[in-house]
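These notes concern the structure reproduced below.
Which chain is which? They are A, B and C, in the order written, and residues in each are numbered from 1.
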Amino acid sequence: MITRFRQIEMRLMGPLTMIPIVLLLVILGTIAALPVVATILSELVADFVPPPLQHLTIVALGTAGFVGILALNPIYSIWLERKVAAHVQDRLGPMRVGWHGLLQSFADGVKLMFKEDLVPRDADRVLFGAAPMLAVASAFAAFAIVPWGVREDGTVLAVANLNIGVLYFIAITSLGALSVLMAGWGSNNKYALYGGMRAAAQMVSYEIPTAILVLVVVAQVGSLSIPDIVNAQAGGILGVGDWLIFQLFPLNLIAFVLFFICGLAETNRTPFDIPEAESELVAGFHTEYSGMRFAFFFLAEYGNMLLVSMLAALLFLGGWIGPFGSNPLLFFVKGFGLVVVQMWLRWTLPRLRVDQLMGICWKYVIPISFFLLVVTTVIKGLL
Amino acid sequence: MSAASIIERLAAHLGLEEGSFESDVEAKDPWVRVPGDKLVAAAEFLKADPELDFDTLHCVSGVDWPGDDPPAIEVVYHLTSLSRKHWIVLKTRVPRAGGSLPTLETVWKAANWHEREAYDLFGVRFEGHSDHRRILLPADWPGHPLLRDWEWPETWHKIPVKPGRQMTERAEGGQMTGVGPFD
Amino acid sequence: MAEQRSPVDGAPLVTLYDEELPPDNSYAFSSEELEEDEMILNMGPQHPSTHGVLRVELKTDGEIVKDARPHIGYLHRNFEKHAENIDYQGVIPFTDRMDYVGSMGNSLAYALTVEKLLGIGVGERVAGIRVITAELQRIASHLLAMGTYGMDIGAFTPFLLCFQQRERILDLFEWLCGARLLYNYNWVGGVSHDLPEGWTDKCRRFLDEFVPVLDEVDTLLSHNKIFIRRTADIGIITPDMAKDYALSGPNLRGSGIDWDLRRDDPYLGYENYDFNVVVATSPHGPVGSCWDRYFVRVREMYESVKIVRQALDRLPAEGDVHENVPRFVRPLAGEAYCRSEAPRGELAFYIVAENKKPIPYRVKGRSPCFVAMGLFHEITRGEMIADIIAIIGSLDIVLGEIDR
């Protein structure tokens, strides 16, 4: 009987397994061919859509594709995280559902969707409901300014090519702290409250060095627009040499490391995961959440991880510029590479205590980043 | 230091005459029994005397003797000296009904929880204890279960608590319960 | 009155259960005495890192803990009352359930006490087997302590690496006596099964492969900067405090006191083995910190490996493990108190016997975790919430033993 069941399962799972693989290939292919796709799309739109609506249609299509990729991001990221964790810990990780467990996250997603949506009796229903939405919204909205590449005619592939892109990034990510605070307060649970307060303190503190480190880059390039910052890194040896991280050695290298640390702190990842410290606060600010609302926090967390990694790749690692010319896929690989580093750190390091975390921020990271800002500006001025 | 000389020293300090107190140096664990009113003095001396230096109160146990005359609960203090590497057992008796002992918490802080446990399970009162509450059982649990004549309540807040027939009846009938190496 | 639908009258989890809950006067703090910024945080009995069902009541001011009171008893079964109703050998399975991650040590302590009461000894082979199993159990228990401690601090990976090795010890025990957790292995006067053929080779192979893994976990966790900063200056137990509260085992040695029953009051021929007593040296902070207690356990595992190796080498090839097992256990009137060095500290049993009765008159277990928990409120005052978790973990408590 069990064998029979297993056979049926195998027959069903075989073709189903192909879905995530095909999806992944489609996503990667689309990203690699993004400039071409964009050209074809805009030509198609020019042919079939009346002129007044053309701009709107292109933006809508771009946004839809983008949100689709972002919604699929956690599914692959969670799979990746579990695989990274498993191999760090000398085990296999998910292996049963699909090829090497690729369908596991889809199954979990379906499970979460069908789970009962519990709201504690004494919770503040408005805040409780709004918090996960705000979390996802802030994580996704920040992606609007992330450029994926340039077309040959110079058009930037981004949902919104703002000339003050980095400011927008700093502004939008601050909203994440608000959502966590809302979740912590609205749950009417002491552990959630502790998580919320910790998260608010942590995120607000680490926003300062993040902003200063972004300014370090801005001061060197002389532009607030992210495409300009990336384009300034083009050229050099193998297309690598002029990446900002290699300029003014080692100042920018330090800036990159600090920026990455701040990114970890802002996304609440180990060793800075004190707002959801499992062993202390049960689950921190999302203790009382279940089902889809819980999944939304996950969506936001993995979105934020990718966002921070992509920003670091754009500001310091040359974005889509690399030894093989400029390609959106290269940018994607850099972003996910940094995501893997985040995961690797998470499964290796213990957690800091809240006062130590604040101490690191105010005693070391902020002074050093101010120092970097001053020194790079002075050097740039002298050159 | 040998058990005999420990007991001798203690008796001399407390002013107990030879034969006026019970002790056994031949037992597997040499013990001495002091009256309840001399307990604190004995404990303080055992701890403070540099030759004896009993720095550790290892365990406090109660033993119920309802058949003795008068019915009493024996409270047994196992003492250890980490520095001198010797051991002694201090015993004292407290009347079964309404008796109380002075607390030894002031001498060894370890006594705190042990005495709470003795109060919880035997109902021995300790005068001067800083936190005289039950420790293992709920605050409103009926009686002190390690007394030999303690009766199982049928229910506790409507929760049936009395064990089934198997265990009590077989034990009362003198029948072995059938666990262990030899059935 | 609402209708009772439960088959068991008045089961409290039934929705229609309408009786008021028992008056909960078990709180140590009342809300009236709180100051303006203070809050009571109830940690447990269901909490990921209270190592069972410990409930800790915290009076907090923000992240600072003003006072902490542990509440125990959620696992209380009163095995001492059970023991007054069953024969001497029948108590052994109950003792297994005290410290359920160190069962070998518990039954060994009980068996030693009854043997002391009866005045019998055990053969050389039995003593050797007991040493081997006790030390393997110590390694398994310390591995659990080490892994979960890492998890308390937020490092998940050492936990799984430790559990992999612990699993191999449990496999050895399963092969030896058929059980993985509660062994009922040490009998009065012997052990239940002789070592199976090939067991010693497998045990040796385990030891050879275990030491490198332990080295790896040690480097991964013990000397990690974050880990040291989290643990090396909190939960300080001074040597005087440790003696005053009668701590024992790794907790006592973690306070810098050189005391180990295996050396200072040897049993089972421990005096013939060559091993060091691990005492905290505290390179990273004041003596008696959480890190010291943790690191004593890590070093002790190496010593245990040494002891097991020696015991395997000198184990007599022949010998009946049931040779000294008495057919009836009917001691003369008297009492015995016997302590032994269990993984978590000095586990002792106090047995009072009536003359020639098959049933003990009184059995009392002196559990090291119960004693260690007694000083919890002293070392947590003024620390932060995250430190409470670190302190609970460093004391290495098992609630089954605290509540008995």
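The rule is short, and it goes like this: a residue touches a chain if its C-beta (ideal position, glycine included) is under 8 Å from a C-beta of that chain, and two chains touch if they have at least 3 such contacts.
Everything numeric here is computed off the predicted structure, so don't read it as measured data.
With chains as nodes and touching pairs as edges, the resulting graph is an open line. A summary of chain positions shows that the Cα centroid lying nearest the centre of all protein Cα atoms is that of chain C.
Sorting all chain pairs by how many C-beta pairs they have in contact places B-C at the top.
Chain geometry summary: the mean Cα position of chain B and that of chain C are 23 Å apart.
Centroid to centroid, with C-alpha atoms defining each point, chain A and chain B lie 63 Å apart. One inter-chain figure worth recording: chain A and chain C are separated by 44 Å, centre to centre, where each centre is the mean of the chain's CA atoms.
Of all residues in chain C, none touches 2 or more other chains.
For chain B, the set of residues touching two or more other chains is empty. Listed in rising order, the residues of chain B touching chain C in the complex are 27-29, 55-59, 61, 63-64, 76, 78, 80, 82, 85, 89, 108-110, 112-114, 117, 121, 133, 135-140, 145-146, 148, 155, 157-160, 167-168, 171, 176-177, 179-182.
By the touch rule above, chain C contacts chain A in their complex via residues 39, 41-42, 47-49, 63, 150-157, 160-161, 164, 220-221, 224, 226-227, 229-230, 384-389.
Within the complex, the chain A residues that touch chain C are 85, 88-91, 190, 194, 270-271, 273-274, 277-282, 347-356.
Listing the residues of chain C that touch chain B in their complex gives 8-12, 17, 19, 21-26, 72-73, 76, 78, 80-82, 84-93, 116-117, 187-188, 192, 243-246, 257, 259, 264-265, 325, 327, 334-337, 339, 346, 348, 350, 352, 358, 361-362, 364, 366, 370-371, 373-375, 403-404.
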